[in-house]
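This is the structure, below, for whatever I ask next.
Chain IDs A, B, C, D and E follow the sequence of writing; residue 1 opens each chain.
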């Protein structure tokens, strides 16, 4: 069995985030994810601190590690100086490196994030530029957003900028800078990491018999990982209640 | 409630915010959703306060959303941040001013990591040099843009045309402040007022005549949660967290929400629309909705900037009743106009559109 | 000829050590920083586990201190102790210098300043109080919230300032668990209609009849115990205190409102003891309390000959343990003086 | 013949009670199931009739069972019942023989002396009169005892006596008044007429010499008649109704009618046949050791008769069966209680339409609930074996029994399969004890499936609780053996040769094995091979309960411990080296209170097998050991 | 998930997992403590759950059941309380003398009554 704990310990965030947990629950008490998902950060830390590689592998393949919203509220309060949020980040990194993330529904979503955010960064130099936030795909952005995107030029100008200009908000990032950014991604491991996510996802799409494209977001597998919710991520009791209410 | 207790905490968490000469880094979310906020921040600093703020057009995203979306490795984001430090070094700036709370959190986290794990700094320098040939010095100060406004709150108050008071009653407005989680929860000492009773927004609000509401879920996350919002299937989580906050603040009948985090300000606005659609609930007194502003928008309002020039109309919860309360005269007809001054069709279904 | 012994601190440990030495015929001078003796115990209403009035112990101590061999100097601190030849020189805050054959540090503890746990809002939210403040209310004979209501729900947070690296206290203060149980019972007796909750991480019922008291709290007094450290407290619009905790036994977050939130503040090294130790070169441990020469065999001894320790200046202790520790300090001093 | 008004109370009472009894018997008879009706009809005209008659004489009149419990108490009951019977019998003969007419109405016999004040002057009549006085004296002696029992129950070995209702008290008073008033009436009449025998005559003369006997006598005749009349009228509503009902019960029982698991008119007859004598209270360990004095069978029966809420009483019982063993009326107390426990399930089964409407208005669900509590159980593929070993839940808490049984199986070369080695499913008996038969059936079906499919011929269990349910409630084609029986069989056939250990032990009969299943000899046989079996005060049918019983749902652990401690004290009175039992629960319960080693029979056997280490089986005296080592050092 | 939110947004408002003590229904707790006062004595050591016969086949966590009843959170344990086989092992393992088996039976009984509006 692979020494997963050892692999985790190579991540400085893990080393920083994991001390001895005494199961006081202070993290779960204020964790937004613990309230809306079947999730208990205390348990995650408790499991990894056992150094049981089997249990850790189970965790890496589970839905559990994908529930955290990384608000880091847990860091402020832990009386033993743990940061479950950082432990989670290290677990997620390893889960993707080892390709385990495609075993869970929430893990598979990494592919969508890679394509959307990763794509934005490498294409535009921004994580979320307005023009990449399609009002059709984001109805929750509300009526103002359709207007905003439709009249993006005017909006930016009204606020004192020029879309894709040389200065101000949403200016175009010059090609030299974009090259630098891409080279940083190459030398610091991001490109390789992206590739791992891509290939594992492609393999999963193949296994599931879903259409997969090398580019873009308009194909079955992307839509599947982006929007599927099997409804089993909240706690058992709440699912049951929801079921009974629906009956 | 005893305010002395809060004052004591606030006095314990004061950070060194420099007076002048800032190297400004923009936020992906703020420039995409609140472009007026960043622009007016620069205007206030440069024009109203006469400060030197340099903004290098070559700076990029910090990749923070990718990092917290777990697709950008830690080493990569360190290198991207190192590049920004290199740009600052090259331009001769030692004070970094950060627009985004996620970025601010990342900058502080990286600097702390470099302090505790020096080998990571070495690696970041090596990666940056290999990729770009750039070198850098560590900055002397890291400030969030709200820290800077906080620092100059007295100056702004002195120049203010309006106050955060209801002009008809003279009562201070009841304001909910929301601090982005990554502002001080990770490193309380880097935030003004610490993690539990942050003073950065309270200081502005109280200085400008408003009163702050301390409601039970004040410290709760807005629910962005990075991957929890970025992926459609997970958005219910994000929505639910904000709803929890709205329900908790509702009994206090706040007049507005002000946030120092671009994401939070957006979600606290957008989710009011979504909740209205799903549950038919409109929060706020008399179903007015609670306008969710950025602190730059709030400062600009005080200084008398045209609300439509700073982009207040690009919120789902319109600020019209709020503007009337504080006495800002703004023509609703002039909200949505094009570059050439022609009227654009008004989006349907806005909250508070009266 | 009678030997002169100086004791820093006129609390439980100082008085008991002084009286024991005086009984042996030694001359003792207690230097007390306050204007009366008895230390932290004076504030207590009743003691665990048998709920005897604290006044009984205080009057026992007061009787003990009325001894011709004992002299008490009030409103004075010991600044420093140093060797001068074969005897000790003690510098007082009054500027005076005293000579002594032996010196006992009995500077006791300071209660943790609850406002340092900012998330509980002590000093900000009116209805967040500390354990000694609750004792004050017991002494006053009535229990009300800050806004004058009779509380319907009282919460106790264990381990405030103990076992918490966020406030640099890794140690367990030992007595807070049983104090919380005692106070919970007292609240239930005083206000039978009031629900009481203890939020605990571990129930450390280390002494005789403590576990029995815990059982009694459950069995007879219907005190509720919720295992989890409270993460934050906040004010509600109706002046209650909302607490967030994980019910770790259910693995789910729990929220509830209480009318009064009592913080079980732990023990820390006293500030006067700390500066005395600093000035005199007395070694302190990671918990900042004085380090004894040997944890098992010489828990009253410092590294300096003639300087001894009694009571909670070395570690958190109950009154029972403090009295025993003080007596053994007296024995150690006596042995030291007879061997000289 | 003149009409005497004073006989009216008596006549009214008598004819009323006779009519009432007849009607009641008819109602009860009609309430019986078809098969029970047939049984009773057949029984009435067959051999059971004679059995019933002899039982009536032995028990209803002579009260032999009570005699066995306590001779004084027996005498008391006998004097009243048998004495009164004789008085009526001979009174009738007397009236018939000496009276004016033959075939007199009963009042003629009862008030014989009134109508024949001068009777008994000489000869046979005199002798007869003497006998009648003797019978009366006999009754009065019992009455004296009864009165003293009411005030000092301990004199009759009764620790507690049942409490009386107001009606009971009036009935009792009238009963008590019957015989003294008869004595007075007869004596006064005899005194006035200078007749009577040694009792009535002597007393009569004495009284006549100081008072106008002839004038006072009618008062007592009235009192006598009134007492009788009151008693008869109150009979159906008082505890004394048991007197006539018991007769009916005896006929029913001897006809082969049994309680079963549902309430019927037979259970009602049993309820009314209870005399509230309180023997069940005295014998109950819950009373003796745990100080609980309101849940015993007498109270259950009383509560059921009066229709009050008995749910707390029902569940607070060890179901050890000791009360049933000693009940002088022979009421099936265990099954009666079980019916009540099952009662909870019956609710909501059949609700009249009008009631349903009301319940619906109150938003109460009236749907019959379907229970699938154990649908989570998954079918497993059974292992084929000749012998199945089912340890049971409790045995899993005493692994040494399991180890010993494994050793015994191996030693005897038995091809067995350990059915519930990894936990298994409960046998279902505890659920049945809770009255939840339907749910128990789910577990029974699950286990039955495994047993059937294993093809085993024999099922061995060391747990009497499991044993009882396997035997009684499973439909199996295997032979079910308790491990005591199985080991006995192995030794008998020579497959197991334990050595003799020359130590004295006592045997504790577990309730479910002894009284519950009638297994007394096999364990004693087995122990006999290995050790010297001492007898104890209360054993076999009278064996004590360990207190651990799963049948009790309310008893606190402290009180359980008290029961166990009292029982172990009796068991270890003669300092045996070990207390041997044959139930994991008894072993576990006793172990926590016993200084003497408590061992299961399997452990004893395993220890006595060749190659076994000869250790253990010494008195575990932890405290003594400590003292010894301390004094040595 | 409501129709509106599902069709329009593809997601809905999540239900909270929070135990809101102020909204808990503690009638079942009252019902049990009135009848079996040892219920109060549990200190959640888990000995009952560890050896539970039914627990080997399905989730029957008596320790957790006790906690949930105290808190007044009944939904999560609605089915669980009916799964007990009443074997009584828990009685023998409890260090505090809790009549755990009876507690389970009473819990099931009380919850039935609750559904029938009889509590």
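The rule is short, and it goes like this: a contact is a pair of C-beta atoms (placed from the backbone, for glycine too) under 8 Å apart; a residue touches a chain by one contact, two chains touch by 3 or more.
Owing to the predicted nature of the structure, the values given are computational and were not obtained by experimental measurement.
The chains in contact with subunit A as well as with subunit D are E.
Steps from subunit B to subunit C, taking the shortest chain of touch contacts, total 1.
For this structure, the chains sharing the highest number of C-beta contacts are A-B. Think of the whole protein's Cα atoms as having one middle point; the chain whose own Cα middle lies nearest to it is E. Centre-to-centre spacing of subunit A and subunit E amounts to 35 Å, using the average Cα coordinate of each chain. As a whole-number value, the distance joining the C-alpha centres of subunit C and subunit E reads 40 Å.
Note: centroid distance subunit B to subunit E, computed from Cα atoms, is 45 Å. Subunit E has residues 1, 8-11, 14, 16-18, 73 in contact with two or more other chains.
Looking at subunit C, one finds that residues 119, 227, 232, 247, 252-254 touch two or more other chains. Pairs of chains meeting the touch criterion: A-B, A-C, A-E, B-C, B-E, C-E, D-E. Across the complex, subunit A meets subunit C through its residues 22-31, 34-35, 40, 42-43, 76-81, 235. In the complex of the two chains, the subunit B residues touching subunit C come out as 1-6, 8-9, 194-197, 214-219, 251-252. For subunit C in complex with subunit A, the residues that touch the partner chain are 119, 159, 163-166, 201, 227-232, 244-248, 251-254.
The residues of subunit D lying in touch with subunit E in their complex are 344, 362-365, 369, 371, 373-374, 376-378, 393-394, 396-397, 422-426, 430-431, 433-434, 436, 443, 548, 550, 553-558, 585, 588.
If you check the complex, the residues on subunit E that touch subunit B are 1-2, 4-5, 8-14, 16.
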